[in-house]
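Chain nomenclature is as follows: A, B, C, D and E, assigned in order of appearance, with residue numbering initiated at 1 for each chain independently.
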Amino acid sequence: MPDRIPSAARSGPDPAVILRAENVARRFGGFTAVDVDHLAVRRGEITALIGPNGAGKSTLFNLLTGFDRPDAGRWAFDGHPLAGVPAHKVARMGMVRTFQLTRVLARLTVLENMRIAAPGQLGERLWAAPFSLAWRRGERDNTARARALLSRFLLDGKRDEPAGALSGGQRKLLEMARALMAEPRMVMLDEPMAGVNPALKQSLLGHIVSLRDDGVSVLFVEHDMDMVHEISDHVVVMAQGRVIAEGTAREVTQDERVVSAYLGERFGDDLVETGPTPGGGSGGR
Amino acid sequence: MRLRPALCLVLLVVALFGAGSTAVAAASTVGTAALTARGDDPETVKVTGKLVNRDDTGSTPVGGGKVTVTGASGAEYSATSRPDGGFSVEVPFEVGPLSIELDERSLPDGVTLREGGRNPITRTVSGTLPLTVTFVLGKGDRQTMSWADQIPQSLFNGLYFGLIISLGALGLSLIFATTRLTNFAHGEMVTFGALVTYALNVTGIDIWLAGLLAAGLAGVFGFAQDRFFWRPIRRRGTGVLAMMIISIGVQFILRNVYQFFTGGRTETYRQYTTPEGHRLGPITYSVRDVVCVAIALVLVVGVTIALRRTRLGRATRAVADNAALAATTGINVNRVITTVWSVGALLAATCGLLLGFSQAVKFDLGALQLLVMFAAITVGGLGSVWGAVLGSLLVGTLIEMSTLVIPSELKMAAALFLLIGVLLVRPQGLLGRAQRIG
Amino acid sequence: SDGSDQQRAAEPAKKTQIYLVDGNTTQYGDEFTAGTFDGVKGVIPGGRSTDEFRERLLAADPRLKDFAYAVESYDSVIVTALAAEAAESDGAKAVAARMRDVSNAPGEKCTTFAACSKLLKDGAEIDYDGLSGPIDLNRTGSPSAASVGVFQYGKDNTYQAVGYETGKASADPDPLPAQGISGAGTPGDGRLVLGSLLPQTGDLSYLGPPMSAGVKVAVAELNDHGGVLGEDVKLVAGDSGDGTPNIAPQETDKLLDQDVDVIVGTASSSVSLSVLDKIVNAGVLNISPSVTSPEFDTFPDKGLFFRLMQSDALQGGVLANTMSNDGYTDIAILVRQDAWGQGLAAGIKASFEESGGNVVATRFYAPDSGGFTAEVNAVKAADPDAIALVGFDETKKIVPELIKAGLWMGR
Amino acid sequence: MDILTSALRAGFSVDAAYFCLAAIGLNVQFGYAGLINFGQAGFLAVGAYGFAVGSVALGLPFFAAIGLGLLCSIALGLLLGLPTLRLRADYLAIATIAAAEVLRLFFGAAFQDVFHGRDGISGFSAGFQAANPFDQPFLGYRPADLWVMTVGWGLVVIASVVVWSIMRGPWGRVLMAIREDEEAVRSLGKNVYAFKMQALAIGGLIGALGGFVVALGQNSVQPDNFSFDLTFIVCTMLVLGGAARIMGPVVGAVVFWAFLSLVSGILGALTAGQDPVVPAWLMTGDQIGTVRFVLVGVALVLLMIYRPQGIFGDRKEMALHA
Amino acid sequence: MSTTHGLLVAEDLVAGYLPGVDILKKAGLRCDEGEVVGIIGPNGAGKSTLLKALFGLVPIRSGAVRLRGADITGERADSLVARGVGFVPQTGNVFTGLTVEENLQMGCYQAPATFAERLDVVGDLFPSLLDRRHRPAGSLSGGERQMVAMGRALMMNPSVLLLDEPSAGLSPHMQDEVFVQTRSVNRAGVSVVIVEQNARRCLEICDRGYVLDQGANAMTATGRELMHDPKVVELYLGTLGRDT
């Protein structure tokens, strides 16, 4: 059960909580997609957000990061209220997100994709842009940092190729690396592993864990319960726009409501109890 | 190193501008050359006019009216109007104002000077042009309309225009929906209908048959255009932007070919170009308008219903929704697109041949309407069929009605403002669907 | 013959007389149902061409239907050629300086190039009187006297003259300083090169053939008589695209690039205004057979611009006179919005109101706006007795709307 | 031979220069930032009219009038950008066309004592020409044109250098990223709206410079100069040269004009004389104007089919985008 | 494996999207009557491309595809549908602007008369679709969309069904549902080729599995065998959640 700390967003920053949302609601026509009474993401932890399809997870991400506007509610990042703050300012404050469907900058090289994410670049000011002296140094530093990150994500070999030439999994990797390049204090990953090959997925988990170890808070959406079990410190379960359960991965997977709404009765069982019929289904009609 | 020549050029241009800034632009004033007397003046000046009485019974020439001209020197000359109302007084030439007076007592019973009508009228002798005077007689028979009186007629004209345009907009919208092509050459399909109809009509073929043939030919043209031009281009994997620019090229080609053959003249059909107006309450219409509306309505309603009800219509909507997926459900996407092109061209040509009645036939007939059609489908929501129709009616009405408020030269601007206004409030157009981010 | 055309309006049609002007008085022939234009009147400034001259025009271009402005085009060429002979140079400024001398008294009157150039060679002063009239250019480069023809259409939609009015301009107006010839100008290469800038396309394209024919006939005549300055005159053709002012500037460049000394054209005032500055800045003489806007009387043309038409104060006056002599008291003016339309509308309005009549509506339209229902309805709301339709080719689009709105004279 | 040299001369004419500036501006907006601005004609119009009204109606000195034109174009950028930059690409295209047309109609019909209606303003370049250092024709160009060309091509060079210098750095990178995917860029903390606005304004400003060159070159401005067709042709030039390449618009404009002149030169030669190569019933000299645009259309279509990336573009990049 | 005529056989396919870039480099596949065949492999291996090539949506440069022995290489999608091949693409697999019912109608586009009859069959499989038949498919949740997509493919009563990642992005419950449904469709006599990243679940229901890597076949065996092959586990399946 979510613990109720009324008006926490107003009563000053709670050092343990990096992101706090209260009564955030979003309706599309008559349909309520998100109606979250209370949500708190703890600093320096990996929090998983799970829930059935259409539960409102992505919509909540959009709301929290300023890509969509809620009909009601308050939410604060690191003590700063975020209502009405546009998406790019949210990102600049240190809360950086990725998208469920990757959004790489196809005709820019992988390295450019990384460099663009660096915060506070002087050369992005129009008046400074023509004078390379003003930004050349910062550019050099950013390139070094980008290459370090790329090698961590096994992409350094691809750095001069256009990002549009990457395969699906590599795009997922680039999307994550780019988010880190923005020096976030909190990353929000929307199904970073959906459609990623299981073996690759496993190797990516290490990166997420090491992020946390670097002091970055992580909130991620995922349908792969193995992964949730493996790396999450805390799990929030949403259904029909509301938070229905919270706790550790083990706790929530035992919650009845979570099982019926999300995991299903067959969860963990072998699907084909009898095994495949040898020689194929000669038993047509 | 590479910058140095550039720097020199900057300095050069700055220096040159400096020199240029000493410029003083001369303001031109517009004056009217007055026609006044010159040395070789003629002997006499004629003062002429015609007396006509206007009241509820119509206009009747007034004979027997006495007109007196008084010169600057005080000399008087007079004449009486003939039975046809005309009068003419010849006075010796003298520089200075002439005062011309109508003797109201000489007018027949019931004929009076209209309130506010000038009498006497003063005119200055100018050159050798005869002087005329206009005496305004009778109560008048003008039936002026107030601003509000004009609304029904404007509304009618706007809806009429919008309906005709919707034929073109529908084709444009269908082609956009199924191929994502913003077809800048669509206006030329509109012109095609009018031109072919005209060409057949002048050879003596009855206009309706000519129109039918033109629409049919346009259908064939649309079919051929897609089958032998656009389809191979699509097969090459050409992007939508490149296709859009290709359509601009096609527009150039067609428009100039039309101009080549018509020489840029405005032409009129040989039949039904000048129909008589009929009145229905506050609205004037002609039988031809009714026929045009009927044709347009049948086509618009027919096409929209066909899109809903028929198998091909459903296929079209499916291709418009997601062409790649449509192929996997067993739809022959290319055939659907070719059909859409044929139907779109046919609709456009019909739009053109109907427009040809009211706007005459010229090589840029359709090109002038392209922006109207774009505004219509954008206001309605790109890709939405009903949106195209609704948008056309709205834009057409606005173009006509706006002239009640703003100068008519700016009537197109009104429609375009509507477009920008709608997009401000609904970026996806009135009937368009919003896209979801993230 | 045509179904709905024959049906009568429910109420008796009120006769609204239509008047056309120089931009749209043309032979409509079978472009409209027979009888449509029956009784419509129109005015065109300029002289009438003799039958003999028409033959020559037809020999040059057998397809001619219309002969408007052919004589002025012809005279434009002849008078410049004579000025060049008189100046003994083809340099534009030298020619411009002699334009008045060869067209005005004093001097021996002559009416053909052959006769005039012979007189010049004999050292005499001449006063060329052309086919279009006495010409007599004043100090701002317009003719001092000009005539305006009044025409009426018959059942076959073609017009016949019903009379000519001749108006004389005021005492020679003083030119502005910017209208004087300055500097010596280029000496010239001894060969007179003429550029024609006439409407091959656009809203006046129906005038292109007669005007070009006039120029061609004139050039042929010059060259038949030994050319100018002993050299054959060269003619370069350009399109003025009248009605769409963005064609002419480039065509003008084309002519200027071919080192023309004189440009004959353009047909319409608005297009002429868009290129005149460029032409006179290039030091080239410009003579227009047909522009009538009052703006040219004061245009800072460096003394290089001439025309064979008087300002529309005259045409407007004649039209207003015609309307008032026909007994109309409450008229409307439907005007193409450009320099010519505005000038002419102002002329009509001023004259008609001065005579005591009322102008109940003046409605401007943009010629490229497709349909004209709104404009026609605005005029209809004022219910005038007569309408002056000041337009070019788009008239063909307006006429049907007027008929439908019941504003056309009963047929 | 004559035809070739005159084609070459046309390639560097005043017209080529102003189209070139318009294309450079469009390159910033469309080539780099991906904004389909079909209203570039509007920026030229505002620049030209600002300058013309400044000199004629307000009697401002040359530089002040230029400044007025530039200010107006920036104002247009802001005014146009505020409502439209949030729109999807295809809607933006139509909205910008609409805005440019509204401007053209406005200049053609409103405040006629200032804008002089459809006939436009003329007679403001005497002072500029008075400062003309050229007094002899050179390479067949007239002195007046030489002067405008010097200024025009000078501006082209300056604009190209400026565009090059701002595009090679982080600012240009953000612009190109926006072209690819603006949501992604927003998620990385960039104010996409501000960048788009800057691109629109800079592109418009360069377009306005083109407007000055038109005004000076033609000694007049008319609303119809700034019709939809202008934007079309500018677009064509950009695509012809290659979008998002510094030299793309420059080469595109030069080649386009040279081609146009070459075509009319050849057609002229074919139809000239008493016994022309092309019989008169097929085509007369009067029809060169239309025929050459037919050929331009054909060339444009063929180019886009067989080399959609233009002269300088990269085919692979086009494929990635599609 | 024997190469006697299978139901759907692809041999040595070379195919790609752009000229000069081959995505499939001699990949092959075989599906016998009544089989469920799974394809797994890393991202970008060309799995979707293989399905699309079978279905005539990607130009084939060399190699052959045969259906019941007849050559169908490069045949257009619509005529394959007429031959009884159904395909559910990986992405964009519903007509968002059309209602659920219209989506299903599109399934029997080529044989509209069978609509009522087939709707009963599909309605039995996915009862929740019938409740939503008049809603636009764009308003459905991800899982329901997958059901619509599969339902539409079944409407045409295919003999072979090609499924591209039918479970991607679905909740665990829905994922299980998809696999169970696939199996029951198969029991009803439809042969299935299924591409999956949820490889374990996929292999659980497969008769045979293929591993595709870099556009070529890396391995073929029964589903169970692949699932327990240590090399497959290491390279493609990972050990997450399984302490083998």
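In the analysis below, a contact is a pair of C-beta atoms (placed from the backbone, for glycine too) under 8 Å apart; a residue touches a chain by one contact, two chains touch by 3 or more.
It should be emphasised that the depicted structure is a prediction, and the values quoted were computed from it without experimental measurement.
The count of contacting C-beta pairs peaks for the chain pair B-C. Chain centre most remote from that of chain E: C (centre = mean of CA atoms). Between chain D and chain E, the centres computed from C-alpha atoms are 51 Å apart.
Between the CA-based centres of chain B and chain D the separation comes to 28 Å, rounded to the whole angstrom. Here the CA centre of chain C is 77 Å from the CA centre of chain E.
Averaged C-alpha coordinates give centres for chain C and chain D that are 34 Å from one another. In chain D, the residues touching two or more other chains are 105, 108-109, 123, 125-126, 183, 290, 319, 321. Contact of a single residue of chain C with at least two other chains is seen at positions 200-201, 299-300, 337, 364, 366. Annotation for chain A: residues touching 2 or more other chains are 67, 99-100. Across the interface of their complex, chain B is touched by residues 55-57, 59, 61-63, 65-66, 83-84, 86-88, 90-91, 93-95, 97-99, 101-102, 105-106, 108-110, 123-128, 130-131, 133, 150-151, 154-155, 157-158, 161, 183, 228, 232, 235-236, 239, 283, 287, 290-291, 293-294, 296-301, 304-305, 308, 318-319, 321-322 of chain D. Within the complex, the chain B residues that touch chain E are 237, 311, 314-315, 317-318, 320-322, 324-333, 433. The residues of chain C lying in touch with chain B in their complex are 2-11, 14-15, 30-33, 36, 142, 144, 165-171, 173, 178, 200-203, 205-206, 294-295, 297-300, 310-311, 313-314, 317-318, 320-321, 324-330, 337, 346-347, 350, 352, 354-358, 360, 363-366, 368-375, 377-378, 380-385, 393-394, 396-397, 399-401, 403-406, 408. Residues of chain E that touch chain A in their complex: 32-36, 41-44, 141-144, 165, 168-177, 179-180, 183, 186-189, 191, 197, 199-201, 204-207, 222-224, 234-241. Considering their complex, residues 51-54, 100, 166-170, 172, 191, 194-202, 205, 223-227, 229-230, 261-264, 266-267, 270-272, 275-277, 280-285 of chain A touch chain E.
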